[in-house]
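Each of the next two complexes has chain A plus one more chain, namely chain B in the first and chain C in the second.
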Partner chain A sequence: MTQERERRRDDDPAPAGSPTGPGELDSARREGIDLLAAGDAAIQHTLSGDSEAWLRANRQEGGQ
Partner chain B sequence: MTHANNPPTLPKLCGADVELANFILGAPDPRNGQGTGTDAARLLLREIDGVPAGNFYASPSRWGPTWGYSTPSYGYGRSSYRYGSSSVDWVDAESINQEDIGRKFLATNGGCAYIDLSHLELCIPEVLTAYDHAACWHAMIRLAQGALADANARLPAGRAIKLLANNSDGKGHSYGSHLNFLLTRRCWDNIYKRRPHHALFLASYLASAIVFTGTGKVGAENEHPHTGFQLSQRADFVSSFVASQTTFDRPLLNSRDESHAERHMARLHLIAFDSTLAPGACVLKVGVTQLVLALLEQERIAPLFFLEDPVGALHTWSRDPDLRATAELVDGGHHTALDVQWQFLERVRRLVDEGGVEGLVPRARDIVDLWEDTLSRLASNPDSLAGRLDWVLKRRILRHARERHGLDWDAPGIAVLDQVYHSLDPDEGLFWAYDRQGAVEWLFPEDAVDRFCTEPPDDTRAYARAHLLRRGDADAVDWHRVKLEDGRTVDMDDPLRFTRADIGEPAGDAILVERVLAGNEERTES
Partner chain C sequence: MTRSLFGLESEYALNAYDGRGLPVARESAARELIRLATCRLPSLPGVNSSGLFLQNGSRLYIDAGNHPELSTPECSDPTEIVRYVLAGERLLDRVTTELASESPCIRQVCLFSCNVDYRSRTTWGSHESYHHRTDPTKLPDQLIPHLVSRIVYTGAGGFDARHPGIRFVISPRVPHLRRAVSGSSTSGRGIFHTKDETLAARGNHRLHLLCGESLRSHHALWLRVGTTALIVALVQAGHDPARGLSLPLPLEAMEVFAGDVGCSRRVFTRTAVQIQRQYLECAENHLGNGALPAWAPDVCRAWRRVLDQLESAPEELDRTLDWRIKLALLTDHARRHDMTWERIRRWNTQVETLKRAAAKVDLTRLARRERRDSFGPSGWINLLHHRAGDVAAHRSLLEPQLQREGLTWDELRRFLRLRQELFEIDTRYGQLGQDGIFTRLDQAGVLDHRVDGTGDVDVETATVDPPRNTRAWLRGRTVHALQGTEGRAEWAGVWDVARSRRLDLSDPFASEVDWKSFDATEFPKRPRSRR
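Let's turn to the complex of A and B:
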């Protein structure tokens, strides 16, 4: 079924948002890099905290 | 008149009850290792204005003599109660139902908030569309964010309440984000009492849907084998196929039968989903489920893709973020989660093309198109879905952090990043940080969220509930009724009625009640 699906996808026009050519692939790659760079400060902020203290404190007894 | 070839149908109205993780960083643990969750939840709930559920949820015959508060006055239209210090005046009697403490309904949008065990729980008002669900959920998040800021402002320096919309603390404790869908009684009975293949159909959908409903998790819990990153927060805690319980040995299909509605209506209580933040994932989770339930309700069951072991498949697929793992079907074939989802999509599209969901699932074509685009991109370029699916965005963040900082999957920093992704503190949560950079795909205008912060949905009974609560004379409130101080009880057993179209603008308090009561009388007579 997977192969059949992939064959069909090869014949179909690319879905909206998917990169199709080299230019679009480069663009998607650049967007990916920009996305990750954008979050660097937030990641750095989290990692600069006391991870062990956070993990010790977060205990969620009970839950449905 | 209904018969086997023309089963009854109902619009796929949806509600949700979502437990949040809460704790106080920097505070001593007063409960011998059980954590600060209970105290955090109490401090947060105090900051939310609402009308107490009253004795609908606290009658002696049902829950014991008290429902936990010793508050003198607490409600919309009255002087809102605010604790002036950090001390907690709290009745902690054993007779309290610990799964339903301090429930209060919101006169703003008709939802409610309470404490379930040690979690602040938010209940989204009933909606008809997946898009309204997502907007309402984000409105409730804003409410929680306001409560978080207010509660933290009262804490001494060095302490901070943390509030997360996720489903696991990484220590083996899980808490739910339950979705509730309106079904015909016949459909509910088919699933749980009469036709096991209907249950298998639904379970096969739910297990494979984690490709878009998962929010991603580092590591394994609940005695499952070690893994680095998995799709779902909740999968490790689903261990049985069907059962009524929700706190242990959790089932894929929960058989709790609590309709809050008329006898011919049932409420499907789905407990296996993750707490999604990404609006796209929220819309897909609700919208696709609505469409699959429309298939089920119309008894268009195709046995071609029934999973041999849906719970086992859920575990297998959750541990395969590359989406290549297969699970066995009843017919002996082996297929990926995407394969199974495509099968559902093709059948749903056929039903939509035939007009089979008109009046049942609003914006069905938009949802199908979004679903198809999502499945296609999951197969060809999953990273392109970082703005739509939580697990994709989180995986990209964690991959980046691991490479940049040289961290293993087992590193404490990675575990914290996994949790901080879900923090509702906009200055802390990674989801919000990426949203500020424009990385998140919003499928509805921001003013939809603004609106549900102050107004109820127009097209369900939440409309009448919210406006009745604004009168300021509610003595007790439940999803389907409001008891007034003068002794009258306003019943709203049909969640599809008591809408803006039914009762119009609330021109005056008396007129509003009369319209709702009159609507019931008309219905009884007809």
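Let's turn to the complex of A and C:
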């Protein structure tokens, strides 16, 4: 949650970009791996298999 | 304490399919959607404008290109904006789900929260409106450097639709902007729009912005509206947040920033993040002195945090900002196809050369054979196998260059196929409902983008109740009371036709009911429902 997250980070004495501990690095790495795994699963679930045909069939007209 | 008021328009790409999976004419699907919404959602039709004003204060209508569009009610807090965008999408989802189950000719309806079509190379908007009481001519100079540089956190991420290869940009709407300031929203589209519609009276003005994009990240949307509203408030209070930030070529600066995923390129000595820092510091300097609204400290904290992260640890935003999420996913997808951005950059150069060569060849015959109006990957590949004319000559000229770059013709086929897949992924990212890529990531719990006050109950409440601190409350409650009558509505009023009276909402912060009489005989009759 945005505001809670910002308050929590304000309490963090380490400025942005400062070295982080090994635990935090592991956590960030794990989050990155999870994102890509979930992303690949979502893409595989969603992609039509023939993107060119899909884009052609779903062509939109412009607006504002 | 300054009061803020703002609203957001979200335009959705629409596709509908029949029972055989064939596309249904978009115009017909859009008409059916509005017909069903008229039956299901407590609402009143507009007086001068098309579509419906809903009981939660928002407006639903069909815009150019047969795109359903939702305008939020007038909100006073950026959290409300997020809440009402989500509420509008929830209402749209209910209507389209029912449409697919009850219509004899529609079996599936898909809506996409995106702003660019890569096939037609067109764009549509997610416009913003901000109330202010200052001289409108002061705003372009104060706001344009902000609008040019805020894309580092408000960009939707995507591709330059004009590029023949694969060019990722932070903000895919930027290549469609034509000038810094414009009076039109469809031709010569500008960063800054000078339309100052009289949606309110007595010195109230509406700032209308065209350059923004539909976002899925709640945090990015919250920041987009929050930071921009703070700058409008600073200007209204007589401050000069853009002092020394003048950009002689703002459109060119925006294109530079849009193409700079490292957020490190400078335009006239400053990066986009550095421009943003000046605005932020101006806002921070005026916290607590009455110039800014109560939510300003929260926005400033988040604003500083995101700028720090963009400069020092941008990967921390890979789960938060749309363009960072997309960049991570698209990079990974390309890697799974043995394509790095470096290799894509090399192919872009070759494809640009081929495109120039192709422009010299008569493509009419090829296009006829392809039975299509423009060239996709198969068109390009056929072109390369076309042995006559300039293309063959360029192909033989290009071969030594390809060898030097370590590229092969066979790889071109994969490159062009990947290009189409990446375009589909970008479009599907913003698909509403369970099949949308962003939705699936969110449900998997791998994102960090949510905003306090936009939980399930908050959003459900917002499908019915208008925001309380603006005229939207009176309009929404009156719409609710008059639903099913001959009543009509607009942003600045509601017409109770049966009693020949009009609720005056010309004050954007109106909180007291103020009925005025009008001559009902001059009032246009409500169109009859088709049902």
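The rule is simple: the second predicted complex is superposed on the first by the 41 of 64 C-alpha atoms of A that agree within 3 Å, B and C clash if a C-alpha of one lies under 4 Å from a C-alpha of the other, contacts with A are read in each partner's own complex, and residues count from 1 in each chain.
One rule holds in what follows: contacts are C-beta pairs under 8 Å (C-beta built on N, C-alpha and C of every residue); 3 or more make two chains touch, one makes a residue touch a chain.
Keep in mind the model is a prediction, meaning the values are calculated, not measured.
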### Message
Taking the stated contact definition, name every residue in chain A that is touched by chain B in one complex and by chain C in the other, in rising order.
### Response
1-2, 5-6, 9, 15-17, 28, 32, 35-36, 38-43, 45-47, 51-52, 54-55, 57-64
### Task
State the interface residues of chain A toward chain C in the complex, per the touch definition above.
1-7, 9-10, 15-17, 28, 31-32, 34-36, 38-43, 45-48, 51-52, 54-64
### Summary
As the complex stands, chain C meets chain A at residues 11, 13, 15, 23, 63-67, 110, 117-120, 122-125, 127, 185-186, 189, 210, 218-219, 222, 298, 301-302, 305, 308-309, 311-313, 315-316, 318-319, 325, 328-329, 332-333, 336, 372, 376-378, 417, 420-421, 423-425, 427-428, 431, 435-437, 440-441, 444, 446-448, 450-452
### Message
Residue numbers of chain A touching chain B in their complex, please.
### Response
1-2, 5-6, 9, 12, 14-19, 28, 32, 35-36, 38-43, 45-47, 49, 51-55, 57-64
### Message
Looking at the complex, which residues from chain B come into contact with chain A?
### Response
19, 21-27, 29, 33-37, 98-99, 116-119, 162, 164, 168-171, 173-176, 178, 246-247, 271, 333, 335-336, 338-339, 342, 372-373, 376-377, 379-381, 383-384, 386, 396-397, 400-401, 404-405, 412-413, 415-417, 419-420, 428, 430, 433-434, 437, 439
